[in-house]
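Let me give you the structure first, and then I'll get to my questions.
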Amino acid sequence: MTAPLLEVRDLRVEIPLEKGVLNAVRGVSFEVARGETLCIVGESGCGKSLTSLAVMGLLPKRARRTAAALRFDRQEMAGLPERKMARLRGDRMAMIFQEPMTSLNPAYTIGDQLEEVFLAHRGEGRRAARARAADLLERVGITGAERRMRQYPHQLSGGLRQRVMIAMALMCGPDLIIADEPTTALDVTIQAQILHLLIELKREIGLALVLITHDLGVVARIADRVAVMYAGEIVETGTAAEIFAEPHHPYTRGLLACVPAPGVTKPGEPLGTIPGIVPSLIGEMAECGFRERCPLALAECARPVPLHELGPRRACRCVLAAEAAA
Amino acid sequence: MTIQRDPTLRAAAAILAAGLAAGTAAADKASDTLTVALDMEVETMNPYQSTSRMSLIASKMMFDTLVWRDPKTGEFAPMLATEWEWVDATTLDMRLREGVTFQNGEPFDAEDAAFTLNFFSGPEAKTKGQSSVDWIESAEILEPFKIRIHLKAPFPAALEFLASPIAIFPKDYFEKVGFEGFETAPIGSGPYQATEIVKGETITFVANPNYFTGGARPAPKIGKIVFRTIPDLNTQLAELMTGGVEWAWRIGKDEAEGLRGMPGLTVADAETMRIGYLTMNAAGTGGETPFTNLKVRQAVSHAINRQAIVDNLVPPGARLIPSACFPDQFGCEQDVATYDYDPEKAKALLAEAGYPDGFEFTFDVYRDRPYAEAIIGDLAKVGIKANLNFAKYATVRDALRSGGSQVAFLTWGSNSIGDVSASTSNFFKGSADDTYKDAEVAAWLTEGDASVDPAVRKAAYSKALKKIAAEAYWVPLWTYPYTYAFSEELDFTPTSDELPHFALTGWK
Amino acid sequence: MSAPDLLQPVVSPRARAWRRALRHGGVLFGGAILLAIALVAVFAPLIAPYDPYAQDLSQRLIDPVWGPKGSWAHPLGTDQLGRDYLSRIFYGARISLLIGLSTMCVSGLIGTVMGVAAGYFGGRVDDVVNFVVVTRLSMPVILIALAVVAVAGSSLTVVMAVLGCLLWDRFAVVMRAATRQVRDLEYVTAAEALGMPVRRIVISEILPNVLGALIVVATLEMAHAILLEAALSFLGLGVQPPTPSLGLMVSEGRQVMFFKPWLIAIPGAALFLLVLSINLLGDGLRDVMAPEGRS
Amino acid sequence: MLGFLVRRLALAVLVAFTVSAVSFVLLRASGDVAVAIAGESATEADIAAIRHQYGLDRPLAIQYFDWLGNALSGDLGRSIFFNTPVSDLISERLPVTVAVGALALLFAVTLSVPLGVAAALRPNSPIDHLAMWLAVLGQAMPSFWFALLLVLVLGVWWRLLPISGTGTFAHYIMPAIALGYYATPAIMRLTRAGMIEVLQSDYIRTARAKGLGTGRILFKHALRNAAIPVVALAAVQFGFMLSGSIVIESIFALPGVGHLAWISLQRSDFTVVQGIVLMLAVIYICLAVVADLFNAWLDPRIRVS
Amino acid sequence: MSEPPVLELRAVSREFRVSRGLMRGKATLRAVDEVSLQLRRGEALGLVGESGCGKTTLSRILLGLLPPTKGEVLVDGAPLSAKDRKARARRIQPVFQDPYSSLNPRKIVSEIVATPLDVHEIGAPADRAKRVLQTLDMVGLPRRVAESYPGQMSGGQRQRVAIARALAMRPEILICDEPTSALDVSVQSQILNLLLSLQKELGLTYLLISHNLAVVEHIANRVAVMYLGRIVEVSDTAALFRDARHPYSRALLASVLTPEPGLGVPDTGLGGAYPNPMDPPTGCAFHPRCPRAMGVCRSRRPEAAPTPTGRVECHLSPEAP
């Protein structure tokens, strides 16, 4: 078996606050194979964005990152100095962010910002960079690339900007793209277009994609594999089909029940809900993070719950799931 | 910067003293250059265009007048005119010096003198100090070096004005360059010529090598004199102490005390003809005030401890004055009613006047704030509360003339004219500045001014001044000495005319 | 985390700001100095050893107590007219604070009204306010003060009025920006949709939420006013002697500063300390009001 | 572009007009120039004559529109004291004021911008605290007092710098510091705040995600955006420096427009003051326009829509 | 249908003067373009469309926060302008998107909920307090939150407070502008359930503005599709989701990603470029993006044509005149 492209073992992100240490990401492990799409799904505050930033080495200064392993293409990134990390970023692993409106520098032209990546990583000169940028803009569906490259970000609509961000991520032909809520800020029609584009590119170029989202619809349509995060932990993993067809974790089930879906929910009928609120992540947590909200909670849930393997690359952090599997 | 502790203070003083020695050592006797600090800019060297003292000082360097008035003795002596004669009370003949040339080589003759007098007394010239020229009817050329001046009326002070500020201009040059051109490149016949004018900053004068000999004013002694405008007296002191300038004047008493101890500096005091006084609105123009009451005016006179102020605040050399004129002026009667410092008596007088608890008034002041503050403090001790209104001279004077002022603290320099007609008459003869409107006093003064008989004049002035004192229209305060500080290498003599004569100054 | 705990005691935003303020070094330090100065100023008549106006020409220019000829009779020495410097400093602080507070109130009122009006109504009102602000900013303060003082005299009241009428620009600018920000928030829209009258919207919805910015500007403008008054007094355009103003004291002491540096050092330092404490307080309040700013 | 300029120009004209009218009234009310010209020994007749000579006895409104008409054709009138055209006086002295102001601004910017950037890069570090203390202390220092201390310490005690005048570059150092230090804290704070905000922005995160070097991120991506409010502030401060240099010019004996305005006001030489006020207003507005244009260059969002 | 619509828009337009940047002049933006729409008593009308299509402007016109440039707003068949602001406010209340900015952070919950009662002087102060508590019960908030500040509450709780404020005066119509799009899915479902139950209990009429079509399908009886300031199609929800007439409606529906794995992401066929609202295309505003555009679409704007369950503006529609 070939080594995964990205391997994350026991990733932790701690943010010291006045009130104590916020354990925002609490021992997350996953791996992504070449050409695979992993969706990390969860609600706000579950640590999914920090996980992606931690992988890229882009955490805010005060956040602390620890990991048992953080390997990209067999190279350990955990202890890498910033300069070497920067060489990796944008070149072999790229990132796309949620807000296309603010993620591009308003002061420079599209062309400049595209070429810059190429110039930073490839010593092939501005002419080559320009050609590459124009090529990629066409590739992501932006016509009149020459003209667009002279424009500034604010002259483009949100959808176009996100296309530019994608082109920028592709400039150096990366192996992995991490996309953090890339379509959340966009209209549904544009969202569909962007996701469509991502899928096509992925297929053509063969890159791996880690997609962070809270939208179960997006997950269902695009993911090969899914990791569900809750309160800083991965609570369930599996293929998209497995997760949607047979969710094991009560949280995953609750989440799926909340969303109106054709054929499943009836218009006007009450939707499923998850009562209660997310627990505080400050300090150590000594129990299942979902216990307070779980309709099925048992006495055993008052202890930390390990991730139970339910099959090849299928796991769930729930005592009930462990019993079912046993 | 925080508060200086004692050792630091002393260290500072030591550094200061050491530095000062170094500074004055670099004073420029060697390069024959004298740098002088003036607090106001010389806006023009044309004395007809300005009434400011700085202009007058500069014009004295550049120009000659027909008559020279010796600053020490006050005597008139020949300058561009070698001799003069009153033909009658309104006609003055003057014989002019031959062989004098202006700094541009243009020879001086009666044309220049007559032109200057006629042009600048005429309406076209818009002369600013009208009173210094408006007595002139015309000037007539009698011979190439003799002119006749016709007066509009008998005018005893004519020679005073001919000695200053009426400077003689080169006719041809002036007509050629006009006002504007003359402004930037003035030409006179005086001992110094302005060679470089940096607007607002410096004027450099270079000695005129061809200055005529035989006049009352000697040839220039210093090669180069630079006027520097330094508005802040504080900065002047700093420059003086560090050798940036070698001469400064109008130094306050306390600063002078500090400077006196410094090596390399000479500090000198000289009395001037300037007197200080309070004027009270006795006539009540502009409304009834407590000061229409004689007892109140007397109380104020008794309340002010003039001696203490002179001893502590006014530079050395000041005299207390009893009457409304400079003591050395002709006709300045000294034997008048006086008011000693006596707060108890002041309080009693106030009570008699119906103000047992005192009152408040607005005190208009335009200069010398510390003196004014001291006066306010003295008045407070007898229960009178003076609210200081510190304003521009023009504003105070406007207020006085319109009757809007109750009490003002003023000074008067008599245009350096040693005659009571230039001081008392100015304020009590019924002019706009006469706020007292005392017809009797005005009549006596008119009598004195119009007469040419010294005895008659003296008697008339005496009567007027005695009444002024008895009525306590003024509180005459003291004479104004000026304190000068300059490099000890400089041979400078302060004079009483408020005009430093750099043209007479040399190195030791 | 967005973990709301409804069981925890109810703490109003204001109470929380207070609590933060009490832990903020700058607020405590600045507040303590300011309080001390304010107490001195308020109780000046009780604690000043002498009448600040009482002159004694025989006691002129006595050194402060640490000077060679100083004594405890006049801890900070005496001035050119023999007045006790310590007493004058106490009263000077009083004048400075009075001017600072009154200017803050007058200019705060003018500026807030203009700024809130411009921010809330926008459009024409905004244009007019903008024009007035630009006009005001393009007129040199000192020249205007000079002209006004020449016309109206320079009593304490006039100085307070002049400063109050000149220093509202920053209030207007900041209040305008703050109001605009709040105005677009949905709770203001909700209030409008309720049919709430404009005056009430401004008072109950907008003002409480721009108060933080207002307080910060107010402290900074108070400091500014004190400095400006000192500068005007220094030029002879401010408070009139013998009223003890700190700026005036520096001005009166400057001639002798080469020989008696404490004459300007003491009032200057007092002024510095006063303004410093106000600025520290204002800076601290800025941090406290916007905690994300510096953490 | 043109529309913007025209609108700003219209505003400028309106402001200049208002400023001139207000100051005209204020100045005329503040004293009688005729009395001042005539000198202390003048008689009432002298004053009346002068008043008539200079047209000061006409109704105020007529005098104003007369002045305005001339001003519009570039003639600011003559100084009564200097007997020279006001425009000459101003153009003689403006260079000094501008030189001091520019140096002061240079001093403020070179001190505050690097400090602000350094503080923003390491919030709560010693350098941040140092910057903050400098800011707080600087803002609390009365400028006239600071100027006097400079004279006392640098000029008299240590003899490091010339005290007054404009002879050499060294002459400008103390005035520039005395004038510029007060603007330093404000610029520093704004730089710091702007940098902190920009460094937290999404596009800086993007730049980091692109693998750009720290220097490039800082100087290309961050500073340019953080500079936008700083430019506007610096322009405003420069405007204030030009008009606020009265005390500084007096203390350091600089023959600039500030001191000219001050002495002219003291002796009611209105035409001069009027001309200076107008000029300062125009300069202030022009600076604002220049700052806008500069910001438009920095920020294309303003430039093109 | 004899009863007049509780709220009706008749050919309402709203224009803005918009600055186009530093160097250019202003342009006219027609945010709402001759919109006619009826809201029937007790129904929930969904309003969908891309951002910038004029949904929010429309809601502000309905709330009386913006006067229309042209056209009329009628309440119970009477023109709205005839009624004063307060009367309108009693009948129509908004619920906004962002529960963080829709509550004044300086007021406690009971003050916020009582504000409408205070402004309209409904009941004695004591009654108001009672009514506030009743309203809190109604939206499912525990009474103890009455003393809390918004800053101490979660997003879902805040949105309940916002709904409570809107309901305090017992209005007939709620204009809900993206009421759940700022919330997590688990909270969203709670709020949607609340809205549904309130409608049943109180007989409320909703205008639900949302870009989330799944939510609209779940809540709304009828749907209006808006494109570039115009309502291009109105239909019963079921009919629209089954058989949308307008190509834009179809594209919109096709873009909805339901949580059904394996379906992939459809290609909507819409171009990327949303037109500039300041310079709208000629003819049918949708034609540049329409996969089925014809020549006539470029030159002539389609008229509204009735359909069995509503109306549509499209030349392709069989009902098109």
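Going by the order they are written in, the chains are A, B, C, D and E; count residues from 1 in each one.
As a convention for this text, a residue touches a chain if its C-beta (ideal position, glycine included) is under 8 Å from a C-beta of that chain, and two chains touch if they have at least 3 such contacts.
This structure is a prediction, so every number in the text was calculated from the model and none was measured.
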| item | value |
| --- | --- |
| Remotest chain, subunit A as reference, centres from CA atoms | B |
| Taking each chain's C-alpha mean as its centre, the one farthest from subunit E | B |
| Intercentroid distance (Cα basis), subunit E paired with subunit C, Å | 49 |
| Inter-chain centre distance, subunit A versus subunit C - centres from mean C-alpha coordinates, in Å | 51 |
| Subunit B-subunit D separation of Cα centroids, rounded to whole Å | 37 |
| Centre-of-Cα separation between subunit E and subunit A, whole angstrom | 32 |
| Per-residue multi-chain contacts in subunit D, two or more chains | 30-31, 148-149, 152, 156, 301, 304-305 |
| Per-residue multi-chain contacts in subunit C, two or more chains | 2-4, 150, 254, 257-258, 261, 268 |
| Residues of subunit B touching at least two other chains | 1, 12, 16, 234, 238, 241, 392, 395 |
| Interface residues, subunit A side, partner subunit D - complex | 56, 58, 82-83, 86-91, 94-95, 97, 99, 102-109, 116-117, 120-121, 152, 154-155, 165, 168 |
| Subunit D-touching residues of subunit C, taken from the complex the two chains share | 26, 131, 134-135, 137-144, 146-148, 150-151, 223, 227, 230-231, 234-235, 247, 250-251, 254, 257-258, 261, 264, 268, 271-273, 275-276, 279-280, 283, 293-294 |
| Subunit C residues within the subunit E interface of the complex | 2-6, 8, 10-14, 185-187, 189-196, 200, 204-205, 208-209 |
| Subunit C contact footprint on subunit D (complex, rising order) | 11, 14-16, 18-19, 22-23, 26-27, 29-31, 123-124, 132, 136-137, 139-145, 148-149, 152, 156, 193, 236, 239, 243-244, 246-247, 261-262, 265, 273, 276-277, 280-281, 284-285, 288 |
| Residue ranges of subunit B touching subunit C (in the complex, touch as defined) | 1-6, 9-10, 12, 16, 233-234, 237-238, 241, 252, 254-255, 257-258, 305, 308-309, 311-313, 362, 369-370, 372-374, 376-377, 380, 387-392, 395 |
